[in-house]
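Structure, as structure tokens:
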Amino acid sequence: MTIVSNLPIYAMLVSFLTIFPIIIFGKNQNVREVFTFIAAFTKLYILFNLAKFVLDGNVVVCKLIQVLSFISIDFKVDGFGMLLAIVASSLWIVTSLYSIGYMRSLKEHAQTRYFCCFALALSATMGVAFSANLLTMYLFYELLSLSTYPLVTHNQDQDARTGGRKYLTYLLGTSIGLVLPAMIITYNLTGTLSFNEMGIFGNSIQIGTLTILLIMYLFGFAKAGLLPFHSWLPGAMVAPTPVSSLLHAVAVVKVGVFCIVRILTQIFGINLLSSTHLGTIVCVIAGLTVLVSSLVAISQDNLKRLLAFSTIGQLGYIVLAAGVASKLSVTGSMLHISMHAFGKITLFFCAGAIYVATGKKYISQMVGIGRRMPFTMVAFFIGSLSIIGLPLAGGFLSKWYMVLGTLDVGKSWVMVIYLISSFLNVAYFFPIIYKAFFCTDNESLFPNEIKEAPLAALLPPLVTASITVALFIFPDIFLNLAKIVVGVN
Amino acid sequence: MFEYLITNYNYMVVVFLMMMGLWAMIAKKNLVKKCIGLVIFQTGIILFYISMGAKNNSTIPIIDPKYGEAAINYANPLTQILMLTAIVVGVATLGVGLMLVQRIYKEYGSINEDRILEKFK
Amino acid sequence: MADQFLVLIVLFPLFVGLLIPIIAYFNKSVVWPLAILSLIGSFWAVFNTATQLLKLDPSSSISYYLGNWMAPFGIEYVVDRFNIMVLFAIICVSLLTTIFAKQVIEKELGDNAANFYSLFLLFITGLLGITITGDAFNLYVLLEIASLTSYGLIALGRGRALVATFNYLIMGSMGACFYLLGVGYLFIKTGTLNMDQLYDVLPLLFDSKAVLVGFVFIILGMWVKMAFFPLHSWLPNAYSLAPTAAACLMAPLMTKVSVYVMIRFMLNVFSTEYVYSVLTINNIIVIMSSIAIIAGSIYALSQKNLKKMLTFIIVAEIGYMVGGVWTGHVDGIRGAIYHITADAFMTLCLFMAVGCIVYRVGNDKLESLKGIFKKMPITMICFLVGGFSVIGIPPTCGFFSKWYLISGAFNSGAWYFIIALIISSLINAVLFFRIIEIGFFGAMSNEKPDYKSLQSIKFNEVPINMWLPLVIVSMILIILGIYTNEIMTNFILNIVPMM
Amino acid sequence: MIWQFDILLLTLVVVCGFVSLWIKDLMGAVIVFGAYSFLMCLVWTGMGAVDVAFTEAAVGAGVSTIFFIATVFHTSRTIRYNKWDLSTKFFSSIICILMGFFLMVAIGDFPAWGDALSPVNNNVAKYYLENSMEETKVPNVVTSVLADYRAFDTMFETGVVFVASLVIFTLLLQSDGRKKLMKSAFQKVSFLNVSESLIIRKACGLMVPFMQLFALYVVVHGHYSPGGGFQGGVILGASLILLSMAYDIKKVFARFHMKFMIKSLAVGVLIFAGIGLICLILGGNFLDYSALSKLFPSMGSIKSRYNAMLWVEVGVALTVMSGMFAIYTSLSSNGKFEEGL
Amino acid sequence: MILNIISILFFTAILYFSSSPLVFYLLNGLSICLILLGLFFFLGTSIGVIRFPDFYTRMHAAGKGDTLSSILILFGIALFVLNTGTLSIGLVLVCIKILLIINFIFIGSPTATHAIMDAGYGTEVKHWTNDSEGIKKKK
């Protein structure tokens, strides 16, 4: 049954309203940071008592504005939205702590602008998570890509400009070029845009338009980084590390994948995907993305680019699982969103810590770093475990469900893709760890006085690493959320 | 054919005048000639309206008992009112146009469109 | 007194416009407040008419006989749900421009500012008259007043404004004469000038060639006045070289009012059944408008200075409206009608922002925009809101009008129109983000941006009475976007008869 | 309307138009254009549109020829023969021919020229002809429709004259920069003292009073004979122009200063609109003269309409007079306002 | 000026007193030959304008045409108007209006011709002399 309450709006507005105090107290940093934390904690608190409703099976609905006679901007919170919201807000706390450490140590310019855009990006993510229909999702999706532009081009130099330009052309171009017409065509075909469990396409619409629509949606939401439109992600590595962590783990990419999975499950509907050949199209595209990105990741030398390509691969996993369109695999994909978030953010924090402490970006320079910065590298190790999907970290569970899902439906070639890509993940993570810990190198590379990064930059990776391990042990928060949505008991 | 020519001669002259005015406005390079074309175009339309309202063997629309009451034997006053306005508007536009020609000549020293464009380069 | 508001709308600016040259000899400083007072009075009149109108049932209209002569014999003012919306747009735009334009006029025009204000107000009277009048010939006279004042306003600009005005004069009077010719062709067949009576008489004459030629010439005349693509050569020079205050007033309104006239003739004089079923040219015109959209956007891309770029965006927007109406589907027409008001405010927001930049920076070349974000944050944010609305980002009204246009085109099978709309939104996105880049990075696209030069730029905003209307307009853009539903249901829905 | 006479005149008109466009020497073209306008007046008188012919003669032929001559005088007289660039000429002739053909097609559909039963003459115009006499007591139906039935059009028409002269005055004033106009310190320019000759001055001195008298007759007599505000105003303006040609602008300015001109421009239109406003205040619709009978009890609604039209005509004459003279002085002195033609 | 008015009064007096048809035909005949005379003069002037060699002489001929022939024609028309139908004050008024036109032309057109000649002389337009045969050809 549905409960009408405007908690979701408060959740969304909290981070939106913090922008004004941040601007007002822009001058002295401490007060400004305090406000960010207050906002983060209140948001988390709101989300938890929202989760209480969602966990015992009902959906929270609230209406915002009746924009057109048939479309309105209103929110509907279900398990899947809840999952993304919790992931995003919890990581927001960690990331803001990390960015304070990062910014202050590197004495970055325009920090007020940074934190405002951060808060705006978060409220946009909330908006997407709670959106009840395609228009609201599109609205907040656009808002997100616009609010993250100043973050990506933060250090305002030449390659920041090229990265920002590529970022915008991909995201805005595909969203206006493909999603807008697709949305309008969907509206004209079905008369409504709101999500519902079984998908809104009746069987009257012939398969041709459906395939075109599917392709438009898949490539329209370029944030999910499917193959042809993925190159903005490595391009966005120009941004400072907390931003790239935001991009990869907390908000941007997650939102992209969230939208695609939402559309696949609640616009097209699982049984429509499985019955027609639409599901296979999704699997082919996603599979290609996974394989190609993992192969490219192996040859990368810059650590952050490597992580970027691995993210593309992991997103491909999520879409692949959704494409398989069986109940178990969809739960697996939803679960993987949270697992991947925590795992990847740890990796990015470590990369950031290494950069802050040693100023090194390239893996070839990181020989024997394990001895100098043991804690960071341990966190890095746990994070990579989660990405690869080995038992010690949370990643394993989601992959487990995904593989079970493929077995139900009997798509064996998808399972083959899973295995190959896991091997490839190992192939690009293991050399880093091996170089860091096991091989010694001459002293010149690392004068021994380098110690760990400052506490503010060291603590967050450890926290997220411990959360990844915790998720492996009691994953029930996200698991139940995913299960409720899919209806598996 | 001759009969057709007679009855519609007016309208043909109207069309011809308008096309002459239009041609002058577009093709002529000299700005004053363009203004002349403009006024010819407008007088063409005025002729069209007036010949619309003309009636055979009818007198000017001043009602006096000699010609009686019926509307048949008076010319159509409505088209004449419209054309009074059109003439005055035409002269107003002409005045503004000629003022612009003078200012352009003072600024660029020539009233030939090509010379002026060369000066812009 | 209650039903006199209709004529008061036009009388307020007319009287003050006439009084200003006289008052200006006594003291010059009273002219600006007087102008604002007259527009507020007119706004009050529009507001009252609107309240009266909303009480009646949707498809009815209020009419007002000038000189107390019944409809076909005297001139009649008609206000229905459609032109009350356009009236609101005109009044708000002109009020905000007058508030905005005080310093700009003093800076650019100096001593003959009084005459400028008088032309300013008479231009607004002309536009208001065009929107309300129910008589075809009266519309021609008001069209002439509006164009004559706009020649005056533009010619006061600098540099090559004179040659631009001369071209505008020739094209403008050509357009007006085409309109007059079209009305003449209708007049000779029907004998009446009143639009409602034409609506009743014309159905009997649908097969006659004269009515067809009349229709073609009226539409042709309006196309020249609204600068539809093949006939648009006068607009870019005219609006970019005009004084800022004049550009801010004319750019949003002049073209939109001619679109309004075209739609009024298509829907209320020649019934939709004539335009879409008897004539089979609406597909060709939709193709032409798609070409207009794409050409306008490409031209805008190749421009070096800001105002010229905005004028070409206007040309593209006209393509939206004309294409929207001619798709023939109900959604398309509603989208075009909604786009009139939306686009008026969008263009006003952009031109005002450029006005502020020119006021502070001196010229509107793209080079002079370096580091503008730091120097004039408020103006640039409003410029962005305007830009987003032109691109069609959801909360702003641009998105919803595009929504209707695309769905109208989709239902009527005009896929090329959808492609043109999408391409032009993408090009608009490139245009505006190019400006954001220059403003944000403080360096042209070819130079290397370095952060040090950005530090030196300090905060240097325009005076309050310039950026306040700007903020109000960008607010209106968003509010208009959000409340599209109210506007649609009680203003636009019942204009278009079901087809 | 004897059709042979009409055809002759129309062919002459077309020939004049073509010649005026074709002649190389601008002054010649302008003179031929003057002839073109006068022939046009004849055509209209033939068709019974006497008021329009009167206006065309006074405004179209008289004043605009003077404007043309003033402009040609201040710009170059001959056209430098440029090469015959085929592209624009060819392109525009194609357009014109196409448009002409398109217009011709519709001619077949028109009612025959001059038949009294065509819809144009039967629908609204019939009402005017029959009811104007008892509703406004004005025999000249043209003036009654002009000043009463469609008075709103005429108000905006005077507005057009006001706007045009304001635009021309402002722009030429702005161009010159020297605001001598406001100060009265003119310096004498010895320049081709053609207009010094005694004979012209004396003749003009003799003629101008009669002209002004005739102009007033035309304005006031608009109800009974062709004429009215516009024609009278233009003749008044023409008399002033004649004076400024015989003597020079400085002399006329002494009596009729430019500042006064702008004010009388605005006052004329304000009289017209003011009367409308008074009717509005008195309860009738805008420009509904019968409401004035409340103001002057002696006059019934019809009588008040009759007189209101007279005042309105005076307002129009005032505007048109000062308008035409303002335009003449600005154009002929090219903004310097000290030495006319 | 006065001459005109006297002559018209003289004619109205004749008509008023003797209403016999003979006078009617006489007056009609008079107006017709007046108009013919006027037309004849017009013919003369137009031939003059074409044939005369240089500016001044042509201008002289044009001047003649304006004043003399138009006055004759107008006088003829005045008489003709006087003659239509019964003698009423309205008709006499129309006659006097035509007379006013005659006076106006009588003052106006010679001055105009004079002004043009003066301007021609001012800008040194060359005269035609015996030996300068070539002027006509050259122009």
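Each chain gets a letter, A, B, C, D and E, in the order it is written, and its residues are counted from 1.
Assume contacts are C-beta pairs under 8 Å (C-beta built on N, C-alpha and C of every residue); 3 or more make two chains touch, one makes a residue touch a chain.
Remember, predicted model here, so these are calculated numbers, not experimental data.
Novice: Name, by label, each chain that touches both members of the pair chain C and chain E.
Specialist: Both-contact set = D.
Novice: Among all the other chains, which ones are in touch with both chain A and chain C?
Specialist: none
Novice: Tell me which has more C-beta contacts between its two chains, B-D or B-C.
Specialist: B-D
Novice: Quick check for the class: compute each chain's Cα centroid; which one is farthest from the centroid of chain C?
Specialist: E
Novice: Relative to the centroid of every protein C-alpha atom displayed, which chain's own C-alpha centroid is closest?
Specialist: If we average C-alpha coordinates per chain, C lands closest to the whole-structure average.
Novice: Of all the other chains, whose mean CA position lies farthest from chain D?
Specialist: A
Novice: If you average the CA atoms of chain C and of chain D, how many Å lie between those two points?
Specialist: Using C-alpha averages as centres, the distance is 32 Å.
Novice: Using mean CA coordinates as chain centres, what's the gap between chain D and chain E in Å?
Specialist: The separation of the two C-alpha centroids amounts to 29 Å.
Novice: Taking each chain's centre as the mean position of its Cα atoms, how many Å separate chain A from chain B?
Specialist: Centre separation, chain A to chain B: 71 Å.
Novice: At which residue positions does chain B touch at least two other chains?
Specialist: Counting only residues that touch two or more other chains, chain B contributes 18, 22, 52, 82, 85, 89, 92-93, 96, 100-101, 103.
Novice: Using the touch rule from the top of the page, what residues of chain D touch 2 or more other chains?
Specialist: 103, 108, 110, 118, 120-121, 124-125, 128, 150, 153, 157, 160, 163-164, 167, 171
Novice: Which pairs of chains touch one another in this structure?
Specialist: After working through each pair, the chains in contact turn out to be A-C, B-C, B-D, C-D, D-E.
Novice: For a test of understanding, state which residues of chain E touch chain D in their complex under the given definition.
Specialist: Those residues of chain E that touch chain D are 104, 107-108, 111, 114-115, 118-119, 122.
Novice: Inside the complex, what are the residues of chain D that reach chain B?
Specialist: For chain D paired with chain B, touching residues are 1, 3, 6-7, 10-11, 13-14, 17-18, 20-21, 26, 29-30, 33, 36-37, 40, 43-44, 47-52, 55-56, 59-60, 63-64, 67-68, 70-72, 74-76, 79-80, 82, 88-89, 92-93, 95-97, 99-100, 103-104, 107-108, 110, 112-116, 118, 120-121, 124-126, 128-130, 132-133, 139-142, 145-146, 150, 153-154, 157, 160-161, 163-165, 167-168, 171-172, 175, 224-226, 230, 320, 327, 330-331, 334-335.
Novice: Under the definition above, what is the set of chain A residues touching chain C in their complex?
Specialist: Of all residues in chain A, those touching chain C are 65-69, 72, 109, 135, 138-139, 142, 146, 150, 153, 155-158, 160-161, 164-165, 168-169, 172-173, 176-177, 180-181, 184-185, 187-188.
Novice: For a test of understanding, state which residues of chain B touch chain D in their complex under the given definition.
Specialist: Within the complex, chain B contacts chain D at residues 6-13, 15-24, 26-30, 32-33, 35-37, 39-40, 43, 46-47, 50-64, 69, 71-72, 74-85, 87-96, 98-103, 105-106, 110-112, 114.
Novice: Once bound in the complex, which stretches of chain B touch chain C?
Specialist: Contact set of chain B toward chain C: 18, 22, 25, 31, 34, 38, 41-42, 45, 48-49, 52, 82, 85-86, 89, 92-93, 96-97, 100-101, 103-104, 107-108, 116, 120.
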